[in-house]
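By letter and in written order, the chains are A, B, C and D; residue numbering begins at 1 in each of them.
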Amino acid sequence: MALKLNTSLAGQTLKNPLMTASGTSGHSTLLSNYFPLEKLGAFVTKGVSSNAKIGNKPPRICETPSGLINCIGLENPGIKFFIDNYLPQFPSETLPLIVNFFGNSVDTYIKAAASLGQIEEIFALELNISCPNVQKGGILFGSDPIAAGDLVEKCIKATQGKPVFVKLSPAFSNFLETANQVMQAGAAGLTCFNTYPATDIDIQSKSFKLSLGKGGLSGPAILPLSLLKLHEIHTHFPEVELIASGGVNTAEDIIKYILAGANAVQLGTSILINPTSPIVLLDSLKNLCLKMGINNLMNLKGKVKG
Amino acid sequence: MNKLKPNFFSAPILSNQKIGKNYFCLKVKTPQNIDQVEPGQFAMLRGKWNYDPLLPRPLSIARAEKFQLDFIYEVRGRGTHLLSLMQPPREIEILAPLGNSFPPPENSLPLLLAGGIGFPPLYFYQQKYGGKLLAGFQTNPELDLFSDKIIATDDGSLGFKGNVLQLLESCTEINNYSTIMACGPRIMLKQLKNRCSPLQCNLFLSLEEKMACGTGLCHGCAVKSRQNDYFKICTDGPIFKSSDVNLEE
Amino acid sequence: MALKLNTSLAGQTLKNPLMTASGTSGHSTLLSNYFPLEKLGAFVTKGVSSNAKIGNKPPRICETPSGLINCIGLENPGIKFFIDNYLPQFPSETLPLIVNFFGNSVDTYIKAAASLGQIEEIFALELNISCPNVQKGGILFGSDPIAAGDLVEKCIKATQGKPVFVKLSPAFSNFLETANQVMQAGAAGLTCFNTYPATDIDIQSKSFKLSLGKGGLSGPAILPLSLLKLHEIHTHFPEVELIASGGVNTAEDIIKYILAGANAVQLGTSILINPTSPIVLLDSLKNLCLKMGINNLMNLKGKVKG
Amino acid sequence: MNKLKPNFFSAPILSNQKIGKNYFCLKVKTPQNIDQVEPGQFAMLRGKWNYDPLLPRPLSIARAEKFQLDFIYEVRGRGTHLLSLMQPPREIEILAPLGNSFPPPENSLPLLLAGGIGFPPLYFYQQKYGGKLLAGFQTNPELDLFSDKIIATDDGSLGFKGNVLQLLESCTEINNYSTIMACGPRIMLKQLKNRCSPLQCNLFLSLEEKMACGTGLCHGCAVKSRQNDYFKICTDGPIFKSSDVNLEE
């Protein structure tokens, strides 16, 4: 019997559950230097906003045990430039494209959602709520479930029907309530999760290793943290479609997330370490399924015992 | 120029030997002919260990011939220390070639200025195209690659006592060169840029910054441009015309 | 000039800032098989409670990238047994002893505080608030700043004057508010932090790797997370005495935490990997200070720039 | 018995060779004479890599003589894989000797039953004291340590086809032994405990559980006792009288 790796999100079938994680494969098709992008279940772009952002000063990254902290600062050329120059590069017929976006106020979020919502080539949007709300004195949208629900509702209205996945921050202990609010607001599903606030210090210079003083931790180190939270969301909201993000580096990791309740799995830091990682993992996922006697990968969804 | 596309491969180690005080030379076998690699290009290297250290390390290519790549590196921290322990028949994951390169000589040969472990790409350049190389170190590097006459050491333990810019002033006329190429610590590059700004010469700098991917994907390796936005050192560089970048940020 | 490594906590001078982290050096002097315990700045016992606890079923531990998840389950022989059998083993004249304790209700916390408060040989208590409150339906004390403050106030009263350090959980995003409440309630200082809720899945058996389904993540992986949070606490409450706990494995790590604001530093997982780690680190701390030209280690407290 | 105190040391590798299908034998030099180590005791081993994998790995001592310790291990996961790559002159961090041991023979020699990679401590016992060893494997282990006659394989690729308990019933009279010692998968130990419960023999089991410290500090390695609380396998064991432990939890 043929091995089925396909999954579905927002009613669309994806060839397989693997996608890029926002910010680790750029805004364009650079990654196609390393493998045909159509091999992916979907492609998620680096975050875009209405206005271009130049990003933070260097140093923007530092390495930690089994992890990576970044404070890139959401550098992007702005939505118009993205749509005009990068979007047309993508083989949107054969590769579902998910565009990650953000704002710094409710209005700029809505504006971004509206611009992207019109574009037919885009399969879905991923709304990053880990950003500070300048109008509310820099309080993070993700920290306030009601504000997050309200924001998501307005953005969905602006997109005129395009599926919107909300990317949650793991930094707030009320993430279950936020999940609940944004799903009630009409989100298509949730991306679990963004990076963890973290820092490192250079003892010689007695200063932080990142220009911003802190950044977001990604990589294998965070997998056990995000895996638990994703499973908690799945337990509370078993119907919700979940896209896992956090520390995936092997086929085993993919299966862990699916067992915990994920419909799809993003590769972030893993692509930075090895740009061919999506096809390497796809291959080893196939072999692992054969060895484990799995013929339909999605049958494993949420099937962890205990 | 017929630029080679970057390729991710697992490379058998041919040798990995200590060649100086804290310097090693790593030679690996490549799956494809890499004669077209140009001086200034680099690679991302990662031993097949587990997730710590996590990121590959950028190293300049010190020589590229047929199916062999050479690197010269200094053991600085955890990554390069682990690298120095890797011996044949183990393999190393390599992504190469990456980045742009120093321009080949046009009318005259360039002056090549290296600070510390900045010398490998300039050494490659000199071997391939010629040019006058001067290299500065903190202390005697105990390398067998250079004549003492082109070496400066801060502590005077070998060659000229002083830094490479002082050596330059002492032994040659900077105005004789229409092209200068340099690789070394940021502070040296800034001084050199200031020194050259009143001159007519073309100054090319090889820049460094922490890198996660080396391929333009992460936007980690930023340097301010003249236009006040950011270049990515790994794909816009690592070689920049000095007037294009703002080293003061 | 002689190198000064001493620090002070609750008015007492400690020879150096190194202490064991609760639960990683047992209830007794087992560790003295490996080095003279008096070399430590202080010894922190594994948590004790009024009644003995047998702990959780195996498997109780699993390894993750640069981390360790445990669900030991606060196994302990009960306070009376501890006081009668283990406490006398400690060289309390030369080694400040900090006893970590917990309960499962306000009453059992108070009872434990009262029993331990009388014991002269104990220098200070460490109150672990990461435990579920059975009376409040299992809500964790650490998740509710007001309840935590109330609990701490009552325990302090019961100890009749012994310094009480409160060990915070990093799992709740309101940890600054909790820090504030427990300090107002009279805590001598804070231990920052306990482990992070985490899990791992065995894909062959499709079940969690730990008997409890989840546990607490410790080890190098968490250092960047706890370092940031400790620095945030130090920034908000610069006068508060902080004991760092989380991922320390080298002398560099100790200095990072001191630069971020710590008065003392605990070694947990590091001792499990190598029981001689406290003296190894003490030695390399001395060398590092000499190399860095530091002659009074505590001059670095909170001195990170930026 | 004059038990050696556990000691943490960095041990130079003498050799680390493949000795069978997926089995390696690691020999290291110790800083002190370890003649007193007894069969059943174990060590925690960690290569000098970085933080991943983080924990040391428990391995039984397969031979201890003067200043040399031998281990026999199977490559199972990341830790043992990395271990198998370590060659002289590298060193390994070792904490040893740990745990209790199988009792030396009193009146008669014991029956020694090994399942899979459970054989090293029993092999050590047999070399030191004698006894009848039977060993079961899934498939031919390709080891040069045993006569085929004492081997059972699940797939029949070597020796008796079946498991070690079936081999036992087929070749010897279990009633002849007053003492039985066993090390192997939990399922085998359970079956053996059931088989022996009506008999008069003393059954000693070597138990395994995930270990972080191996020294009694972490309480990680629990096994239910007859009294319904928990033993620590690393310090109360790893050898237990079968009647003292409850293997059903």
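Quick note on the criterion: a contact is a pair of C-beta atoms (placed from the backbone, for glycine too) under 8 Å apart; a residue touches a chain by one contact, two chains touch by 3 or more.
Quick caveat: nothing in here was measured; it's all calculated off a predicted structure.
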Inset, instruction - Chains touching chain C and chain D alike, please list them. - result: A, B
Inset, instruction - Work out the mean Cα position per chain and let me know which chain is farthest from chain B. - result: D
Inset, instruction - Check B-C against A-B and say which one is joined by more contacting C-beta pairs. - result: A-B
Legend entry - Whole-Å gap between the CA centroids of chain B and chain C: 46
Legend entry - Chain centre separation (chain A, chain C; CA means) in Å: 34
Legend entry - Whole-Å gap separating chain B and chain D, where each centre is the average of the chain's CA atoms: 51
Inset, instruction - Could you check chain D for residues that touch two or more other chains and list them? - result: 50-53
Inset, instruction - Pull out every residue in chain A that's touching 2 or more other chains. - result: 65-67, 219-221
Inset, instruction - Chain touch graph shape: choose line, ring, star, complete or other and state it. - result: complete
Inset, instruction - Spell out the part of chain B that touches chain A in their complex, as residue ranges. - result: 5-6, 8, 46, 50-56, 93, 95, 209-213, 215-223, 228-230, 249
Inset, instruction - Would you pull the chain A residues touching chain D in the complex into a rising list? - result: 65-66, 220
Legend entry - In the complex, chain D residues that touch chain B: 49-53, 78, 82, 85, 90
Inset, instruction - Would you mind writing out the residues of chain B in touch with chain C in their complex? - result: 50-52
Legend entry - Touch list for chain A against partner chain C, complex: 64-67, 69, 143, 171-174, 196-201, 203-208, 213-214, 217, 219-225, 227-228, 231, 247, 252, 255-256, 259-260, 288, 292, 300, 303-306
